[in-house]
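Written below as structure tokens is the structure these notes are about.
By letter and in written order, the chains are A, B, C and D; residue numbering begins at 1 in each of them.
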Amino acid sequence: MRVLFLGDIVGQPGRKYAAEVLRELLPQVQPDLVIANAENATKGRGLTFNSADELYDAGIEILTMGNHTWDQRQIFDFIDDDERIVRPANYPAGTPGRGYTICKVGQAEVLIVNVMGRTFLSQLDCPFDTVDRILAEHSEIRHVIVDMHAEVTSEKLGMGWAFAGRVSAVLGTHTHVPTADAMILPGGTAYLTDVGMVGPRDGILGMKRDQVLRRMRTQLPTKFEVADGPRQFCAAVLELDDVTGRATSIEQIFCHESLG
Amino acid sequence: MRVLFLGDIVGQPGRKYAAEVLRELLPQVQPDLVIANAENATKGRGLTFNSADELYDAGIEILTMGNHTWDQRQIFDFIDDDERIVRPANYPAGTPGRGYTICKVGQAEVLIVNVMGRTFLSQLDCPFDTVDRILAEHSEIRHVIVDMHAEVTSEKLGMGWAFAGRVSAVLGTHTHVPTADAMILPGGTAYLTDVGMVGPRDGILGMKRDQVLRRMRTQLPTKFEVADGPRQFCAAVLELDDVTGRATSIEQIFCHESLG
Amino acid sequence: MRVLFLGDIVGQPGRKYAAEVLRELLPQVQPDLVIANAENATKGRGLTFNSADELYDAGIEILTMGNHTWDQRQIFDFIDDDERIVRPANYPAGTPGRGYTICKVGQAEVLIVNVMGRTFLSQLDCPFDTVDRILAEHSEIRHVIVDMHAEVTSEKLGMGWAFAGRVSAVLGTHTHVPTADAMILPGGTAYLTDVGMVGPRDGILGMKRDQVLRRMRTQLPTKFEVADGPRQFCAAVLELDDVTGRATSIEQIFCHESLG
Amino acid sequence: MRVLFLGDIVGQPGRKYAAEVLRELLPQVQPDLVIANAENATKGRGLTFNSADELYDAGIEILTMGNHTWDQRQIFDFIDDDERIVRPANYPAGTPGRGYTICKVGQAEVLIVNVMGRTFLSQLDCPFDTVDRILAEHSEIRHVIVDMHAEVTSEKLGMGWAFAGRVSAVLGTHTHVPTADAMILPGGTAYLTDVGMVGPRDGILGMKRDQVLRRMRTQLPTKFEVADGPRQFCAAVLELDDVTGRATSIEQIFCHESLG
């Protein structure tokens, strides 16, 4: 089974570029499942119904989220009904939406989990206990992909090692910068600290860099808007054994428009 | 001018592996200047006199630091006297040691600055103002390399863009995970969000992963020790124009021992 | 010289109640100077021109601020022109407004400084160095009142002890809860960790408690509005020696409406 | 039922002064139950067997803890066996010790809960859900006292309002500064944001102020030791209805030695 996973898609430039790149990439890569982190898909903050629809049209089948899940209030209107959207599973019981979803890929069921780190992020339940619990409830599923949305490398590596040999992949999101540490952990778990971003290349995390720099230098509140200009695409391709669910390879795909 | 920059060297495994790799690498790469981040060189925390010496013997000429600068109290005994050690420049006036150093490479002078981000780290002076000030004091120097030691990608990218065209390179350290975003920013500034780590490959940030995981899962205080096992080496090679100081290329070097 | 200092005024309930209480209190207390923290005076976040005017009409002469200084964008239109408004002095050079102001009280000049702690707050210049610098520039002034706007008790006590005997008073703001530790530090410096709040009594920090509790329990974004219901008033009265500027007493004034 | 609750006891000066003051106070106040926060009782960090014993000898019957619970490693040897020690209940399952204890006072059972805020503190389970769960398991108990050990006033007030009418008292600890907001919330819940500290008066949070100030100003690692000099005592006295458990009054007791 081949899985394509796109890092945080940022704003309209990210959505458009994801669609453009996928148009060429899907026939080449021929993934069995396409997942993307969509927490920034609408204006850099959150996800509207229309943005989700645009991503589905581009060929993405599952959308994971993160700390920006709730930034577009419209999400509360459709997150309960759309089983393709997965928000961090370690929000407290009763939170709208779902923390994992199961989809059929050929004969196999694939469990996709989204979970959030706590260091310098939200005050949520323990992400390790949360994944333990979900795995226990679905011990019959062999193909499990965890999107670990976290700020610090230690917590992401911790998730990778804690579930090495127990899940097919732990892929990090949130920092918008791809890391160069893709590896297969013992037991067949693909690991990558951060997949990176699909969005404007020359902003800062996809936002206009003058605005971000102004805030950093002045500490004054500053409006952040999605940047213009050339765009980049960051993704990972996983090969999972159809029977055991073990990862046999992880590769990164990068492309970007020229700086103009 | 060719500059070789090694990411955070962690503990004895990091020091030994740095020496072993450099023995083969230096004749091949033939750098004009070798810099390494050494904030974790002694037992994963700080830098002793002997560890520094070991790194100099391995061919490293300049040692940059970070939030762990002061973890080995011995550093207070020699940091003032050793011009090859650079601690974050945005500590307040009167802090032992120096925030930048200048070394002669052929005809050129090279200014090496260490500066620390503030987000989720220490309460220091503004890193942007600090670099502005140092550049103003040394406006005659064309070759400037900034080690931006920071937690978050936004602050590192901010440093890169704030000084694009004004320094030769902004290289990030601290997260111990190499990023895959090496690029030349407009004006000839080499940029990389994190160079990565030289140290134990299968720990978490170089420390024993069972200890780190125990702390993450229990929230109890846990002793962290440098991990054993196979080691990795992460570095970047910069090509700088001898006259203008502009970067013309940045490449990453990775190597590691097999998982055994 | 008698100085009356009101803690963080929150929203319309806070402004109205401040005016009502001062109408009775001013004739009794007969302060020579009335200062209030106004960072929450407009809708709980920031300060508009009209809110400031309302506070001046109530008899307040100087308004100090804090981390909410910039929440009402209108402040950028008038903060430069209104010498009665003091925002934290440790914002970087070039920040609109002023970090201290000097006003004439009888024969004496009084220097009022606003400064912000850094722990769990903004990334500003060192508050201690900032006050050092301001004092050095105005060494002829004997009456100095510092509003230390900070989250943690250690940093506020630190400011008190660092300037004990060098300023007339260090009064804390920001937590909206009055502390019971008013004291005169050696050398004649009145100290109080937090003056408390003027605003709705039965909210949480003056905001509707159901909204705040919802956010705490769900971790979902939640709109916070200023609470209704009975109101409280928290202030401190300082007696300063007219000649030396030393504080001879500090007393707290509390009043509130009944719970209804 | 009368309950005496002492705020964070700091180091030997705190232990000794608690004993001295209690010798005079107990005959006067005649409490039915004496509780103290002991997270700093040994050298300002944690609690040894001997320190606990000393506090029991002084007449304290129950010891609550906080973020410093585990600072003295010896605690792991006796916390499981000593039912009088209560550590934050929202540590994960399997944590040594207990998060609440029940003691007999006359005919009544009293449930004492320790719980920790998460904002700027540890990454624990939700304190609100935790208290909900404990109350559900002990719904027959009418007398419930919660020590809410937290950094920020909002989270403490949140705990008070969330359980107003459901517990006898919510008393805050951790900041070492007593607040002046003691009140009876609707439904008969005594509330106080922070009880304050029993320990050296002229340090910063009980530690030597020169050491704390040095760290604040230099950002260098600095050893903190318990301060010398005059000592202070901060406590609260609760009157609870014997039958219903409702609080009918809360009063604070302060005393201190002269500044010498």
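Everything below uses one rule, namely that a contact is a pair of C-beta atoms (placed from the backbone, for glycine too) under 8 Å apart; a residue touches a chain by one contact, two chains touch by 3 or more.
Everything quoted here is computed from the prediction, not taken from an experiment.
> Name the chain pair with more contacting C-beta pairs, choosing from A-B and B-C.
So, comparing the two chain pairs, more contacts are at A-B.
> For the two copies subunit D and subunit A, is the contact made of the same residues on each side, with over half of the numbers shared, or of different residues?
Mostly the same residues form this interface, as more than half of the numbers used are common to both chains.
> How many angstrom lie between the CA centroids of subunit B and subunit C, rounded to a whole number?
Each chain's C-alpha centroid was found; their separation is 43 Å.
> Between subunit A and subunit B, tell me the centre distance in angstrom, where each centre is the average of that chain's C-alpha atoms.
Centre separation, subunit A to subunit B: 29 Å.
> Which residues of subunit D are in contact with two or more other chains?
92, 123, 126, 129, 217
> Spell out the part of subunit D that touches subunit B in their complex, as residue ranges.
70-71, 91-92, 94-95, 122-124, 217-221
> Across the complex, what residues on subunit A touch subunit D?
Those in contact with subunit D are residues 92, 118-119, 123, 125-126, 129.
> Going by the contact rule set out above, which residues of subunit C touch subunit D in the complex?
Against subunit D, the touching part of subunit C is residues 120, 126, 128-129, 151-155, 157-158, 161-162, 175-181, 186, 193-194, 196, 204-205, 209, 212-213, 216-217, 252, 254, 259.
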